[in-house]
Amino acid sequence: MNHGPLLFLGVLCCVVASWLGLVVGPHFQFGNQDLVLIEETGASYPSARDGLALQGAEVYRANGCNYCHTQQVRGASEGADIARGWGKRRTVARDYLRDRPVMLGNHRFGPDLANLGARQYTTNDLYLKLYNARLLHPRSVMPRYPYLFEERPLRPGAPPSPDALQFPEGSAVPANVEVIPKADALALVAYLQSLKSDAVFFEVFPPPQPPAATNSVSGVDTNAPALGDGTNAAPAMGAEAPANP
Amino acid sequence: MKPVSSIPKVAGAAGVETPEPKTGNALQTPMWFIALLGIFLYWGTMYLDRNGGGYNPLVFNRGERLADVEARVPKSDADLLLAQGRKVYGIYCVACHQPNGRGVPNQFPPLAESDWVNVDGANRLIRIVLHGLSGPISVNGVEYNNVMLPWRDQLSDDDIAAVLTFVRGNKEWGNHSGPVTAAEVRKVREATASRDSNWTVAELLAIPLKD
Amino acid sequence: MSSPALPVSPPIADPAPPASPAEIDLSCRWPVGLLLFCASGWLLFAGVVGALATIKLHAPGLLAHWPMFTYGRIQPAAWNAFVLGFGLQAGLGIALWLMARLSGATLVGTGSIILGTLTWNAGLKVGLLSVLMAGGTGMETLELPRFAVIILFVGYALIAAWPLVVFQRRRRGDVYPSEWFFVAALFSFPWLYLAGNCLAVWYPLRGVLQAAAQAWFTHGLFVGWFGFLTIGVALYLLPKISGVALPSRNLAGFGFWLLAVFGFWGGAQRYFAGPLPAYLTAQGVVATVLTVFPMIAIGLLVWPVVQTSRKAIFSVPAGRFAVAGLGSFLAWGGLAAINCLSPVRAITQFTLAIVALDHLLLWGAFGLTAIGACYYLAPQVIGRELPFAGWISWHFRLATAAVLLHVIAFGVGGLIQGAGLENPDKPFIDVMRGWIPFAGMGTLAMTLQAVGGLLLFANVVAAVVAQARAAVVPVAQEWLAPGAPRAEVRP
């Protein structure tokens, strides 16, 4: 191996072969997957995000939420994701057709978010989590994002703003201050509520639930609610979180 | 504390740098290394074969194949009946009525968009399949004069129900008529058990479309 | 260059004898010295910012009001500072010097290299600033925005062309194995970085294919830059220090090609059971397991050298660094393969253990080897003793202790985290609290790394300043002396 060109060509072949095999080949194989038409509703899946949710995806990206949160659910035989109620089925390639960039994440320092929009969070809960997660779960290690909110003094006599965060009982928040979500927080929460990987694909048809499953998600059609509060035993939830006024 | 030098000490005479390193031939590539590599290459191909899902992009679960995925596609009884009907049609009917159900002009009448097929009730169709048909017949305003064989000995009630369901409900052909059940076929078969000749159009027209 | 008619003749185009080490060092002084200076500065920065990022894992309230210090921005900043700041510049600096030494030719293109280094640093600075100011792209290791990446490419081209020119002008008969690894790394990086950026960020493929492109790029960078350079440097330093020839050229070549063939196919195993089709992750598993074989080959190759002259190697800090770095690299290969086994990966996926594995490669394998090489070549390139030579051994102790501590703490913490995640009856919050102490140990480790980085940086800066003073002061005195005739400024 005393020949520079031979060395160069050999290495080039190795790199290009892996590139063709791992990126280009798959691109020609399933890069043209189509959106799926859901017959019952006539809507396509994954559904398009509205403008606010798209802006929220930018906020999610800019603040690097994907360094702590994944957006992928593993199959029942490969991990406890489904048992934890993070989804009804594993996620597949077609769930991400509209995402740009795709932020799958590699670390779970926080819970998975692939189906956050299907869980039992009110909009106010999500704001509180962003503002200070320890207001809801005192032992949480999620950072605070106070810069997504505006803290302003209450004007004496004037009614509090309808957009202000509703704090839970007993939280140590100054009484004369109200906290208003800024535009970034509005967008981010809209994005979080749009996260749903719930269409039934036959690639990963959810296996029939055993009648006596180990925990709460036995045989029902939804995700168990949030895990941050330490419970995953909760009744099934159907609808999306109600919007904040 | 003695002073420390950061100039790298190298083997050889002090102050003279050793020559740049060379390669020797003291070591032979051990055979066990090659053998182990071969074993693992074999393992790699086996692993890919077992867990690679046949390189199909629809296979996500480890150890599955496309067939496993397709087996999960939900199937109703109607789907099964259609599949069986397609099979029967492909064996017994396709030679004359053609894969597209359009028949052959002047010889064999069409089934697709046919005014004999798309009627409310299969009484006459069941009889034709059981005992055949001979003589002139007008389909969609075109005259045909040929013989259709009887199939009563070859096809079971289930087969006839399936193939008629397939023909009458075949959306690709433009047919949208309802299914035929095996019970209907059995009833007709019992009612016409004594018959041993082909039907003619005149006889058929005397029979009501449905009971 | 060999002529096409005689493809087997040794490629000696220049009949001149190899340049002397002193000539080569002198030709490398400013370009390689600048790269070393920048690389050591980025090492210090990456250590400090990395410590800050790790603190955020267990003390999330720290600096919460500053958007630029949120974990999701400072973590990619620390990662890129190490990869692109230290990893690329130290790698390029070492490659320039070693290619010149091994080719027996003086370095050419010094102006271009200095310009390229300045360009690279400018691009990296604006890129990192952009990541901290919300401009990150969201794809791991490809976070820098497009304009910064383009600047980086210009800088890289200005630098990386020259080691290849030197390689083509070589005046020695046989190409030493280290040079294969350097040439491979220098070619692989731009290809990987360009293709990764294009397909994952600039003109993104659809859906999860972006993640496939990103995984391919990251793993390719791990093997094609950090792996190749770690081996190349270790294969140079250990025989050089010990004076023992590398025992087999064939085995070295075999290991090189095995690594090139298998190494680039990994990556997708990060998405086990994730939304990539099964065959992609299965390929990643097979490639990662087979990558153990080049590691074994390199281990077999280096073992006799270390065995026969342990004393000589361990008497030089660079030798200790190289042994520790190569050991980390082989350990990384083995652990990465073990991590592919399905019972293991079910536990380690998405946990701190993955961070530990990456750390073992970046800070352990490449970091230790490259720091050792910096200490080895800095006094020779700069042309004077490092002023705080006694600190080098301390840096070795700090850096190895930090890598061990970080990898063990995050490894154990990751296993605890993974076992907790796999138990659906354990509340998520309890899982999180379980690994917090281990994150604390990670902070300690990163602090040790930062202190070590400071030792290297101080040494390099002091040596450069002393050398610059020695070069400038006589000239300045001459200039400032009243009435003296003005002399030409010597370069």
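Lettered A, B and C in written order, each chain numbered from 1.
The criterion applied here is as follows: contacts are C-beta pairs under 8 Å (C-beta built on N, C-alpha and C of every residue); 3 or more make two chains touch, one makes a residue touch a chain.
A quick note: this is a predicted structure, and the numbers were derived from the prediction, not measured.
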Category of the chain touch graph - line, ring, star, complete, other: complete
Decide which interface, A-B or B-C, involves more C-beta pairs in contact, and give its chain pair. B-C
What whole-number Å value describes the gap between the mean CA coordinates of chain A and chain C? 33
Using mean CA coordinates as chain centres, what's the chain B-chain C distance in Å? 54
Chain A to chain B: how many Å between their CA centres? 38
Do you know which chain C residues sit against two or more other chains? 174, 273, 275-277, 283
At least two partner chains per residue is the criterion; list those residues in chain B. 57-62
So chain A residues touching two or more other chains come to 26, 30, 33, 75, 78, 90, 92-93
Tell me, which parts of chain A touch chain C in their complex? 1-4, 7-8, 10-12, 14-19, 21-23, 26-27, 30-33, 60-68, 70, 72, 74-75, 78-80, 83-84, 90-111, 137, 139-147, 214-215, 227-232
Write out the stretch or stretches of chain A touching chain B in their complex. 26, 29-30, 33, 75, 77-78, 90, 92-93, 202-205
If we count contacts the way the header does, which residues on chain B are in touch with chain A in the complex? 57-62, 69-70, 72-74
Can you check the complex and tell me which residues of chain C touch chain A? 1-2, 7, 10-11, 56-58, 60-61, 64-67, 70-73, 75-76, 134-140, 164, 167-168, 173-175, 180, 183-184, 187-188, 191-192, 195, 199-201, 204-213, 215-216, 220, 224, 253, 256-257, 260-261, 263-265, 267-268, 270-277, 280, 283, 346, 349-352, 354-355, 417, 421-425, 427-430, 432-433, 436
Chain C-touching residues of chain B, taken from the complex the two chains share: 1, 3-12, 17-18, 20-30, 33, 36-37, 40-41, 43-44, 47-48, 51-62, 64
